[in-house]
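Note that chain A is present in both complexes that follow, paired respectively with chain B and with chain C.
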Partner chain A sequence: EKKMSADPKIVELLSELHQLIKQTQEERSRKNKSIIFSVPASPYYRTKLRGLYTTAKADAEAECSILRHALDKIAEIKSLMEERRIAAKMAGVYSDSDPPRKTMRRGVLMTLLQQSAMTLPLWIGKPGESPPPLCGAIPASSDYVAKQGDKVAARVKAVDGDEQWILAEVVSYSHSTNKYEVDDIDEEGKERHTLSRRRIIPLPQWKANPETDPEALFSKEQLVLALYPQTTCFYRALIHAPPHRPQDDYSVLFEDTSYADGYSPPLNVAQRYVVACKENKKK
Partner chain B sequence: MSELKDCPPLKYYDFKPVEHVKVCPRYTAVLGRSEDDGIGIEELDTLQLELETLLSSASRRLRALEEQRQILTDWQDKKGDKRFLKIGKDPDPAATSRHKPKKQKLDGKGSHAPGPGPGRPKSKNIQPKVPEYEFTEEPQDIPRVPKNDAPNRFWASVEPYCADITNEEIRLLEELLKPPEDETEYFKIPALGKHYSQRWAQEDLLEEQREGARANDKKKNMMGGPLSELDAKDVDSLLKKSESQHESPEDGCPFGPLTQRLLQALVEENIISPMEDSSIPDITGKDANDGAGTSPRSQGKAFRLAKEEMRKQELRQRVRVADNEVMEAFRRIMAARQKKRTPSKKEKDQAWKALKERESILKLLDG
Partner chain C sequence: MSDPATQALQPRLLHHQAQGASGGSAGSTAAATPSSATGSSDPARPGLSQQQRASQKKAQVRAFPRAKKLEKLGVFSACKANDTCKCNGWKNPNPPTATRMDLQQQAASLSEPCRSCGHALADHVSHLENVSEDEINRLLGMVVDVENLFMSVHKEEDTDTKQVYFYLFKLLRKCILQMSQPVVEGSLGSPPFEKPNIEQGVLNFVQYKFSHLAPKERQTMFELSKMFLLCLNYWKLETPTQYRQRTQKEDATAYKVDYTRWLCYCHVPQSNDSLPRYETTQVFGRSLLKSIFTVTRRQLLEKFRVEKDKLLPEKRTLILTHFPKFLSMLEEEIYGENSPIWEADFIMPASDGAQLGQTGISASVVSGSPGLVKGLSSASSLSSLDAGVTETITGEKRKLPEALTLEDAKRIRVMGDIPMELVNEVMMTITDPAAMLGPETSLLTPNAARDETARLEERRGIIEFHVIGNSLSQKSNKKILMWLVGLQNVFSHQLPRMPKEYITRLVFDPKHKTLALIKDGRVIGGVCFRMFPTQGFTEIVFCAVTSNEQVKGYGTHLMNHLKEYHIKHSILYFLTYADEYAIGYFKKQGFSKDIKVPKSRYLGYIKDYEGATLMECELNPRIPYTELSHIIKRQKEIIKKLIERKQSQIRKVYPGLTCFKDGVRQIPVESIPGISKCAEETKEVKDPDVLYNMLKNLLAQIKTHPDAWPFMEPVKKSEAPDYYEIIRFPIDLKTMTERLKNRYYVTKKLFIADLQRIITNCREYNPPDSEYCKCANTLEKFFYFKLKDGGLIEK
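On to the complex of A and B.
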């Protein structure tokens, strides 16, 4: 990471971000945003109130706009870093500060996965905008192709012949064969799989905001595939409770024959690692 | 009260901005830094979450404002003209109840329980309360708007000058103009009475006699009764006297001095309207008597004008009837058009007849 900080492009972007954050605070403190309205009695005051609403709305729009700008800047920096990471990986060059994952301890990988789930951007639409595909529970369009480096749930055949949904990273997609090449995220397996489209489920690219877009979340009792905590495998589960706040996780009940009722006790799984389950029959 | 019921179901919002110092520590820290210190890559994730919190709050404010503005706009467009027609009419209960369902419908837009105040329904549209966003909807007391009946009073005062002249008023004028038949009564000279000097002398004498009798009574009492009793009586009468003075002040105000002062203060502060203003001036009764004070000539003029006005009134009445007939004919022809059939000759003739009749009456009225 130190190496990346030294990258002039990233340094420039970080400085731009700094400026944007300062502008954001200027915008936020420019006007008193606390508005108290009472029921207006006369038409004159109603018109006046309408004017106040319009002004307040313009203020809010300006604030939203600068905040979006700053968030876009962060996304830009992150995607640039991701590009660099993939390039480094492809070249097979690992620096001292980015050691090969072969040697990465499992606990470190789990922390990374959690971090990535937490910083999945929150989708905040403008008024009247509805959440896009890959936001929360909204599936990708049928012709969607996951990009290189995207995380996906991939259905692979294990050595013992059992089928399993694993967390994987897209390496490439071939339009001629309609097949993905994916890497198992848990490089202990060191396996590269070639899988058809049907065996790939892209993970959400935005968190859905439960406060504004609850319809973009899986609802209670819905059957999903969820990443079992401290593993890199997806298992069938029922939604126990959807998140209430942007940073909350789903609470899910995993199918588990070792429990009397066939389900595990409620476990938390981040929005990033919960995807729709197509097959409805129980195994 | 109906004024308040008509109000749009605006919600009361108190938009407290997110306190970034408390909720967004990294953001706050970055703000305080100089250009040289800048932002580290490792800070991006935290910054992102904090900026998302700020954006979420701002975008909810934006949505709420848009919603409120829309409600207000819709409501203004819908009600603006209706309210104007209502002026001058007595507030009738039917009118209020006519507005009620509309209001409830607006309320119903996502509400599950009736709000405690007319202007403040609870709505499901409001996102669940989250502490860090400080997005609260607080109860609000709606100030009672003092009832304004100025329009009603105004129209009532104007009414006598604009109302149609009735036959009764014509009759009154006629009677005023009629030469009095038996004025002889007023010309009779009564018989001569006692001379004033004799009469006054007699009155003075009677008064003196009464005074004398009272003085005697007083003396008797002084001698007979104990002193204290007399004092008590005197005090009593004094008290009664002062009481009676307080009870009926010259202006006949029904309130005591303290209440009057209070009322005065309230009127001066424009909190209530003065007592004398609140009653509609009683003009009708006075008018009839006023005629007696005017000269026979102006009475004659008034009578002529009134007669003329009566004639015009009659014409106007006929114009109204004619208007209705024209409208009726118009409707019939329109109905025919809608059914894609040419209006019959009879219908056409009727329409023309109605139009011509109306024209001729209007000509009469102008002439």
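On to the complex of A and C.
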């Protein structure tokens, strides 16, 4: 909180956000009032009702635009904070006032990853608008370049020579060599990898809303790469059940030879950490 | 049965039975006593108790015809045929043979001559001619007691006890001879031997420690105190020899006196009603309790543990969960220097009439009735006493306005401690309620404790911990069986190198138990263990958390729960064979490869795994493990605040050091800005080498002093088992030498503090007139002289 108050830009954004939320509340109470009076019966009332609906629609649109505005503010705040985090990381200073630890405790990292999945914004399109790339299961366009600080699934060679998909953060992209530089998210790894484009899968930047955009979700039985709970590695998995509501997780079956049928029992993985599996042949 | 504690328990159990069977006496009155709780008839121990046998025998003898009674008394009566006959007991010329029982034998005729002096039986019993039947019966009671004492003298192997029995035997014989009342004479003094007595002290303790609790919990503590007192009254004390061996004290005189008093006034009279009887807890005080508490506690807990299945279910929880803690808290008050509960005028700070039946009991003590029994007889009468109690207490309070307050009682015990007021003040600032608002960011700081999340989740009911196991005698409920299957699955999945059949066998073995971690009704982890109470350790068999629930601190929280479970059950060692992946985990949980449990205790008990490493964890019963990281965090916060306060008082503030960021690993202390200036102010020897040499020289002189021998090395636990329970900061000359070598003594203050602590520890543990304390006194004078001589302290 100290951090926030120190940044006037964020304080300003927060107060704007607060204002928008207040406006929304006002819009809502107005809308409720207008509908209460509607009593459909005779032609007179039908005309009257049409008028009321028109007003209500306008109100709803107004509310909608305020809400979008508020969401933009939130996105702006988040990106500002992300910028600060990257800057702090570059400078090598710790953002917390507490004395530095060598590495962040594993459990803390896991909590951060869960929080990041939970606060991933939900994509809300305008009527008729289809979800953009990087919303839910929709892949990035072929020429997409992940920004610095973006989280990606990265295929790296492990010490024992095996290939592994890890959760990583983009450090830079070189247009001359078409290669990414990424950091293992797990600080214990402390390794910087230089990887070609095809070894990188950007993670979704919006959640897809199962109620409005189910086509932007992976469907049952589809093969994906999913982050195994409480780890920083992606493994092949089958979708067991897609989410039903915006805040739900996927239920997936990980390929796991230690189980008799070759798959783990269903485990939950957030939309943020489920990406399409490119390779089709099993290892 | 080589365990001395087990052996010592046997006679006590007999006493309990006696109490249960005879009725009316203390043992059968309170439901909380182990005797009635465990059931008074134990088929494993047939036969009658000493007391039962004695009273049966007395009834038999008292039912004899007069002639036979006289014959029996004649045996213990002096011959009055003439003044010169020195015969002091008629001896039957036709002694009964082994086959002819006493009962069937005809009474000897009054004219029958004595085998030793030749005078008739009549000459021996002439004084009884006009004596009432009651008095005859009283004398006959003494006769039976004398006979029993004779047997006791004969059977007893311990010299000290034998002597006392023999003394009592002679005393009673003399009393029959003189038709007098037995009075124990000599230097023993008469009861009560110390004030306040144990009972008062323990009741004060309950007031002092628990009066802030809710009435129900307070009642629980009160019941525990009753039970403890009752147990003490029927406890068999260790002999002076055992005491000497256990405590390694040269001088056990004081204990021997108490032991003799106890035999004469408390123990023997329990089965020998010719002697006046007193309750241990009413005639003895803190000093006896100090001598016996450590061993008694161990034996008590052991006994309850062994017999826990026989306890009434409602008592079982009380005893198994609260009693160990109760005893640990009591221990602090018994051995603590400044405990207020032993003060003659102990008064509890007023607490809105929230008093227990304390004075109810003391009142009955004063009135001379068998107070404890009366006071303890019914818990329901306690509430009716409350009103009166409150009144007397407030009345007394006016007389003594400077009564002890809790703050006084919690007085600092360690040198250099921080005043309580300051700590309280700081506590206020760290528990700022405003800081509790908002999201739990504490979980996200890199310094969050490993088990913080797990602790929170448990508090919110997201996860649960249960100790479960299979049973062959009882039908297990379905939920437990499902959980056991769940555990078996988690273990076999997480420990792929263990054969599944083997895991199943152990998880379902009734001797093994498993602490299960439950989330959403499903098992997500657990620790399978086997307790070996007789060997004093528990084997950790399997330990796992399902992979998708790892790194949440569950493993740590599981182990902490297991530690607390074992403290409750008085097992303080964990042993386990850890494979290479588990070593890291066990190290984090306080396990070490350094094994302190002797091999003989676990060899053949614990399952040995090839290629695995044996690891051990010693538990400290004072640590609340599941809260430990939280407590430490709080302590850190307090210290941080205290440092901040100190810093604000310092006039000059130097900027922080930056050299570590540049990769410097170590710098000399003096190079820290401000330090050297500080040192000047305290007149410290500046050159570390000069100081080192001075201290080295001084230490060498102290070590060669003729009275330094008791302090040369750390006290061995084998020689003084309770030493480390009493002495919180042990130190010795060998350790000091090592510290000096490691350049620990960077200031003379540190060195002097350690020296002084050697002396203080010695005085705390040993009686003032002991050889050790004499050495300490001389040594203290010596080193202070040397310190002054060397200019290390002011002359």
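Convention: the second predicted complex is superposed on the first by the 252 of 283 C-alpha atoms of A that agree within 3 Å, B and C clash if a C-alpha of one lies under 4 Å from a C-alpha of the other, contacts with A are read in each partner's own complex, and residues count from 1 in each chain.
In this section, contacts are C-beta pairs under 8 Å (C-beta built on N, C-alpha and C of every residue); 3 or more make two chains touch, one makes a residue touch a chain.
Fair warning: this is a prediction, and the values are worked out from it, not measured in the lab.
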Partner chain in contact with A:Leu267 - chain B first, chain C second, else both or neither: second
Partner chain(s) touched by A:Arg106 [first = chain B, second = chain C, both, neither]: second
Touched partner set for A:Thr177, first chain B, second chain C, both or neither: neither
First (chain B), second (chain C), both or neither touched by A:Met118: first
First (chain B), second (chain C), both or neither touched by A:Gln230: second
First (chain B), second (chain C), both or neither touched by A:Arg245: first
Greater chain A contact set [chain C / chain B]: B
First, second, both or neither for A:Ile10, with chain B first and chain C second: first
Contacts of A:Ser258 with chain B and chain C, given as first, second, both or neither: second
Residues on chain A lying within both footprints (that of chain B and that of chain C): 1, 115
Chain C contact footprint on chain A (complex, rising order): 1, 94, 96, 98-101, 104-108, 110-112, 115, 228-230, 258, 267
Chain B-touching residues of chain A, taken from the complex the two chains share: 1, 4-5, 10-11, 14-15, 17-18, 21-22, 24-25, 28, 33-41, 43, 46-47, 49-50, 53-54, 56-57, 60-61, 63-64, 67-68, 70-71, 74, 77-78, 81, 115, 118-119, 121-122, 124-127, 209, 211-212, 244-247
Residue numbers on chain B that touch chain A, as the complex places them: 3-4, 7, 10, 12-17, 20, 27, 30-31, 33, 35, 38-42, 44-45, 47-49, 51-56, 58-63, 65-66, 68-69, 72-73, 76, 80, 118-120, 127-128, 130, 140, 142-143, 145
Of all residues in chain C, those that touch chain A in their complex: 438, 443-448, 450, 453, 493, 496, 547-553
